[in-house]
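What follows is a single structure, written as structure tokens, with notes after it.
Chain nomenclature is as follows: A, B, C and D, assigned in order of appearance, with residue numbering initiated at 1 for each chain independently.
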Amino acid sequence: MEFAYYPGCSLEGMNKAYDQSARLVSKSLGIDLKELNDWNCCGASAYMSIRELRAHLLSARNLAMAEREKKDLAVVCPACYTNLTKTNHYMGEDARLRRTVESALKAANLQYMGTVKVRHLLDVIVSEIGESEVRAKVTKPLSGLKIAPYYGCQFTRPLGDYDDKEFPTMLDTLLKWLGAEPVYFPLKAKCCGGILMTTNESVALPLVRSLLDSATQNGGECIATICPLCHMTLEAYQGDVNKAFSTGFKVPMFYFTQLMGLAFGFNKKELGINQELISSKALLEKHLEVAR
Amino acid sequence: MDYSPREIIAALRAGMLDRVLKSNTVWLCTSCYYCTVRCPSGIKITDMMYELKRLGEEFGLVQKGAMSPVISKAFVNMVDKYGRVHETMLMMNVLMKTKPWALLKMMPQGMKLIARGRLPFLPHKIKGISEMNKCAGAMTVAMVGGLHPGGRSAKEA
Amino acid sequence: MAEKIGVYVCHCGSNIAQMVDCKNVVDYAATLPNVTVAREYQYMCSDPGQELIKKDIKELGLTRVVVASCSPLMHELTFRRAVEEGGLNQFLFQMANIREQCSWISEKKEMATERAKAIVGAAVKRVAFQEPLEVKKVPVNPNVLIVGGGITGIEAALQIADSGKKVYLVEREPTIGGYMTRFDKTFPTLDCAACILTPKMVNVAQHPNIELLSYSDVTGFSGYVGNFTARIRRRPRYVEEEKCNGCGLCTEKCPISVPSEFDCGLGKRKAIYRPFPQAVPNIPVIDREHCLFFTKGICKVCVKFCPRGAINFDQKEEFLDLEVGAAILATGFDLFDASKVKQYGYGRLPNVITSLEFERFSHASGPTGGKILLKNGQTPASIAILHCIGSRDTNFNEYCSRVCCMYSMKMAHLAHEKTEGKVYEFYIDIRAFGKGYEEFYKRLLSEETVFIRGKAAEVTDVAQTPAEKGRLIVVAEDTLLGIVRRTPVDMVVLSVGLEPRKDAADLARIFSISRSQDGFFLERHPKLAPVSTASDGIFIAGSCQGPKDIPDSVAQGAAAAANVLSLIDRKEVTLEPTVAVIDEESCSGCKICLGLCPYNAITFDETKKVSKVNDALCKGCGVCVAGCPSGAIEQRNFTDAQLLAEVESVCASGK
Amino acid sequence: MRKVESNFEPKIVGFLCKWCAYTGADLAGTSRIKYPPNVTPIRVMCSGRVDPVLVMKALSSGADGVLIAGCHPGDCHYTSGNVKTIRRFKLLQRMLDQFGIERDRVRLEWVSASEGERYARVVENMTETLRTLGPLNWNGSEEV
């Protein structure tokens, strides 16, 4: 299975480990991720906010390049997923937008006919690879590990119709295949507030707190994420939450691809777990023989 | 939040655009899209918020002291220059402009990230940046020529 | 051809005239070949309008008439009658639709006028080729089929049967009564549903003119108005209706208990059961999926105890063909599936229930004996009722389900009465439009029900304060206050909306009727023919046409009955003569048409080696006409010559 | 590139079945939905009555396009008339190919009695398509 792979800007920076682990587990499952050549920013929220039309142009350039390679696009960041999908969708339904974007692309000798499907890697793994092949790769099942599966906002909202928009279950399913125990997590698709952290801390911090509260109260020992921004927010601001609310959270965070990697028998360094801010050492030692 | 999305729509219907743009509501929107998928009237509220942000920025009508517009602008400038976003540089840029003291507060966390190799210093510039800007230029011409307004307004969405 | 054609252009008040320059159209029509007279008039369908036509036929000797006005669906019959009364054969008339398909869709007067001219021109050209036709009269079978034994079907059945006509009442479930049997009280009078319904059910059971076919459905329907054949499938009950006396011993002794569908799974029933004690017919049915004899080949306790030897495991599905003159569909509605709206937690959060489940709790002979209980067996101290679940929502059903506001308030009243707890209603708007409804709303307001104007955003079990712990929190923007409120309660009731039956599409196909955009059956006219359909002799009533409360359903049941009786008492009906005819001279005997006819109306005459159309069976679709390689088949009133004339005229228009 | 002829208004003959398409078109009017006036309706009892000869006749007499509209498959008032229309339509398309007439000029569409909006869109869309295709000018004898 071959895809043009779109890592997105935040996987080049603070969420490098997500990129690393995603490539690793994809390869072992036979998903061939070929990085989209010279990809550009998807036109994420901050850009879309004030330059809507040009944000579509940014996404369209990526789509056009994937189309030229005759590949579908695999994405790991839900925000990138949403922006690329939105452009795909809106260009299909709004003729005027299509004309404007098409004519702008022409300036760079590009064209986009609308043939590229944008897929989130989690969807590819669960829907295309499937249970038996994933289970077959599990050599070190995550038995007994209680995980709060956290999807965040833009995995299915507004346009991801492969899973429920209010209570998605794909990640839960995948974690079960890995032998882990996904816990009940009613806030699994709520906003982490990350985008407001620098601007409106007083709004954002309580959101992070409620997520940590709910995850741990329901027995979660760690949190699995699929979004780099969520991951970063929950990881980097736990200290601030503890300070602000006199709590004592030390909840380790994993990208879902890192958990897959652990179950597939890769070592922590390969998966970038050594880059974490909150140590998972004790937790992993308790449940797995991965003292490596 | 000054106004709920429902009140925003009511205010727009009443022709009170300036009041809406100056409220903090639009800039508090995190694009979580709950409203969009739940709205029983099928209004794409998140898209509407984008449109309002764009209008606020265009008319220079934003809430006093709000940081989000500054971030958005810095984000756009960076993408237009490099083709991608460089998180570290973006944050530095914005904080220098708005609250430099916060940079100090973030130092310890920053050091930790650097130690783990999670803060690359140099931005990556894509090869196609000049052709990307050519496209953007062509689009601006179309916009000025009146072929397409600045955004896909919520009304048509 | 020296025909004398009269053309009449209707203004329809301003409906046509404000967009179409009628004078211009008349002037144009006057120049067309064979047109003797062209006039315009304010309202052609009015008496003076029709007089105009009659007078011209007599005085000017018109041989053809064209009226340019509204859609033929509206007034074709009116004008045909006028033409006939004027002394011409009614089929020498053609209608030009310049309202629905011209003035109303146009934005520019000039374009609308040109379009009207093209349409009128085509009609003028066509009408010259029309021929006088004789309508055929056929007798009407006085028997009536009613599908659906809810309150609507019951009302219709009793009305018709009381007039002395035979009614076949087909009900899919083991008992008639429909949803109403499951309700506790009815709004706004709060009289008990069973008290007003069960006597009517008994009347049905005892009526000499009603043949009740329960546990049955319609699988086929053919024929034409006055003379239909319905194919009924009778599912096996495994209990012989003639022998069973309804003593209930079998049910009592049956060792298998399963969740009862009638009680929404809140109570139990046996594998041989009646849905509820007052069921009509009062005969149990065996549920094959759970009966030990059918699953394991053992038990037969019911056989042992039945004093009449009525149990019969060998019963088979049977088919029955009924001859009827008319049919009424009263198949009702399905409830919206609340689990589709994930944010309200139905199916995930215990103590989030649907309104029908609430009815069963509240019902004195329901699973809790009329007590409203939480999953843990305690009485809720607070209940929130959420309106518009699945209704008025573009994500689900766009329409208002009409009954939920009122039944929600009824539930609030009952909840308050039975639990003495606090009751909240979360609503978008209160729609209390019926007789005594607004008064009921006022009464509720004075009964301390808390009305919060705002559609609930979600129901969550994630507490933010100690007071919220362990409770269900309804999050909603109170639109009167302008703030988001979190209201912790013990129980949430979802007021689910009404939907078309899941198999409505299948039934529509069987009866050849249409459905509206929302999936409910389509009436012939929303105001003037609310219980008729586009198919003559087939009527619809109650919630299968759109959500309705009990008073409206009963009214429609009676209305449909009146329509049917008026049809039957005419004794005979006229049939459209637009059937196919085969010219024996040209027929090559290839038999292609035989396979094309969906009604088997074409037979092959082996002696003459030609095909023949049976007039009574032919419905006039014209499929065989288009398929005949020798051009030997013509459809009356839709002949090739007529259609070609229209085509040519349209193509030549404006040139 | 789309060829835009500013003044060309295509003439389209529309064969509408009485039960679905014609009623749907009526509904568009009752709902006051505006659409281009280019399709002139001709009422037939069933789309299955539309003989390819009628279509070719229209095209050779000056029509730029023909719309055939009936009930959705499975919803035919005569149970299966529209199924026959589908078969006949394929044949018709081959005939068009032989004469070198663009397939887009003849369309088969399903419009139910409740789809006024859809009917308007179909007409709009077809008119737009034919505007770009330009006039047909076919006299019926040779290739276009």
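In the analysis below, a residue touches a chain if its C-beta (ideal position, glycine included) is under 8 Å from a C-beta of that chain, and two chains touch if they have at least 3 such contacts.
These numbers were taken from a predicted model, which means no experiment stands behind them.
Participant: Look at the interfaces C-D and B-C and say which one is made up of more C-beta pairs in contact.
Facilitator: Answer by contact count: C-D.
Participant: If I average the CA coordinates per chain, which chain comes out farthest from chain B?
Facilitator: Checked the centroid distances; the maximum from chain B is C.
Participant: Averaging only over C-alpha atoms, locate the centres of chain C and chain D and give their separation in whole Å.
Facilitator: That gives a centre separation of 30 Å.
Participant: Could you work out how far the Cα centre of chain B sits from that of chain C, in whole Å?
Facilitator: A distance of 51 Å separates the two centres.
Participant: Round to the nearest whole Å and give the separation of the Cα centres of chain A and chain D.
Facilitator: Comparing mean C-alpha positions, chain D is 48 Å from chain A.
Participant: What are the residue numbers in chain D that touch two or more other chains?
Facilitator: none
Participant: Provide the list of chain A residues touching at least two other chains, using ranges where the numbers run on.
Facilitator: Counting only residues that touch two or more other chains, chain A contributes 165-166.
Participant: Note the residues in chain B that touch 2 or more other chains, in rising order.
Facilitator: Residues 37 of chain B touch two or more partner chains.
Participant: Between which chains does touch occur?
Facilitator: Per the contact definition above, the touching pairs are A-B, A-C, B-C, C-D.
Participant: Using the touch definition up top, name the residues of chain C that touch chain A in the complex.
Facilitator: Residue list for chain C touching chain A: 342-343, 348, 460-462, 464.
Participant: Which residues, counting only chain C, touch chain B once they are in their complex?
Facilitator: Against chain B, the touching part of chain C is residues 343, 388, 392-395, 428, 455, 457, 477, 479, 482, 484.
Participant: Touching chain D in the complex: which residues of chain C?
Facilitator: Spelled out, the residues of chain C in touch with chain D are 71-73, 97, 99-102, 104-107, 111-112, 114-115, 118-119, 122, 508-509, 512, 514-517, 522, 534-535, 578, 596, 598-599, 619-623, 625-627, 635, 638, 640, 643-644, 646-648, 650-655.
Participant: Which residues of chain B touch chain A once you look at their complex with the stated criterion?
Facilitator: 27-28, 30-34, 36-37, 44, 46-47, 50-51, 53-54, 57, 66-69, 71-73, 75-76, 79, 83-88, 91, 94-95, 102, 109, 112-113, 116-120, 124, 126-128, 131-132, 134-139, 142-143, 147-148, 150-152, 156-157
Participant: Over in the complex, which chain A residues touch chain B? Could you list them?
Facilitator: Residues 9-10, 12-17, 38-41, 43-54, 56-58, 61, 82, 90, 94, 96-97, 99-101, 103-110, 153-154, 157-158, 165-166, 190-191, 193-196, 198-200, 203, 236, 239, 274-277 of chain A touch chain B in their complex.
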